[in-house]
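By letter and in written order, the chains are A, B and C; residue numbering begins at 1 in each of them.
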């Protein structure tokens, strides 16, 4: 059994969006009870992470960390066509994930208690992002 | 053909644990000769890596590197509920992998000669970690 | 339906190689119209990324960034058996991907407009790299 689904997310600029409920809902509706759920983002300036889902300070600290790793407007970057956050967005994407694969068990993704699935927008301006979800199994 | 298996690992605090033999054994017992093996860790402060399996200095250097990237107790972190290694553990998890997908060929994971599969505990205290292994194929 | 294919790439030293056309061709020949394409590199000093495929400055900036993160010959590294780029190559590999999973739709990988699939050689010397591609689906 294999189903594919497209999810569209409007972002409001840099920050994370919790996709956990949407993805669990796609898995539930797929009818797969045991198998895999694959989540893929079709962009190179937004990415996916599995992260602690309880304390909002975690997301703020992740932003602080990434801003230190790849500062907007750092003079080492030459790819600046779309502004000072253009190359940092690609780097944040490379350092995190464009695809996540999650085991499906008993009809839902077998996430740990503290794991949430997040889209991370790395551009300051809002974007329309497309995610492809593939569920396969029995 | 699809089988799922849960692996539990008791860690003794920060450091790596070689899971290669355990995972190859799960694949062998699954009866799948050609397909995929998916390894998933259900935590956000421990992660998975594929890494050089010969020289223990590699693991020590990885620790040194990560400690420089995200120092324990760095004042930039505000999420410190569980101590100075709490936020660095989430960052190390984000920068590495929560899931690995490995091709199965001739009844085992087709790893390169120098590739080992490691659980990387990022907390200083030991934890009981749960890993879900899904093997699918023919 | 499941097919596996091995791709060999001769690198000329540090830098990226666009694998997109080769991988799309393997998917097309597999006959799978809907499913998954998995790409796996059997090495720990070269890796895989999905990255912006239009401006060559992106790749140059990625090199600059990684060189700052893990400088060749940094005295913090003790694993130097194969030279000053040995440990930095393992770190670059850990921070990026050894495997990518891509959704197959209408007989090809459903990449975004700006996404290319790249092998990233992290050693200064050229190497022969082996990639295992598994396509499964309907």
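As a working rule, a contact is a pair of C-beta atoms (placed from the backbone, for glycine too) under 8 Å apart; a residue touches a chain by one contact, two chains touch by 3 or more.
Small disclaimer: the values here were computed from a predicted structure and weren't measured.
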Superposition of subunit B upon subunit C: rotation angle, C-alpha, nearest 5 degrees: 120
Copies subunit A and subunit B touch via same or different residues, half shared test: different
Centre distance in Å when subunit A and subunit B are each reduced to the mean of their C-alpha atoms: 20
Multi-partner residues of subunit B (each touching 2 or more other chains): 69, 95, 97, 101
Residues of subunit B that touch subunit C when the two form their complex: 34-36, 49-52, 55, 57-58, 60-62, 64-65, 68-69, 95-97, 100-103, 105, 110-112, 114-115, 137-138
Residues of subunit B touching subunit A in the complex: 2, 4, 38, 40-45, 69-70, 76-79, 81, 87, 90-91, 93-95, 97-99, 101, 130, 132, 134, 136
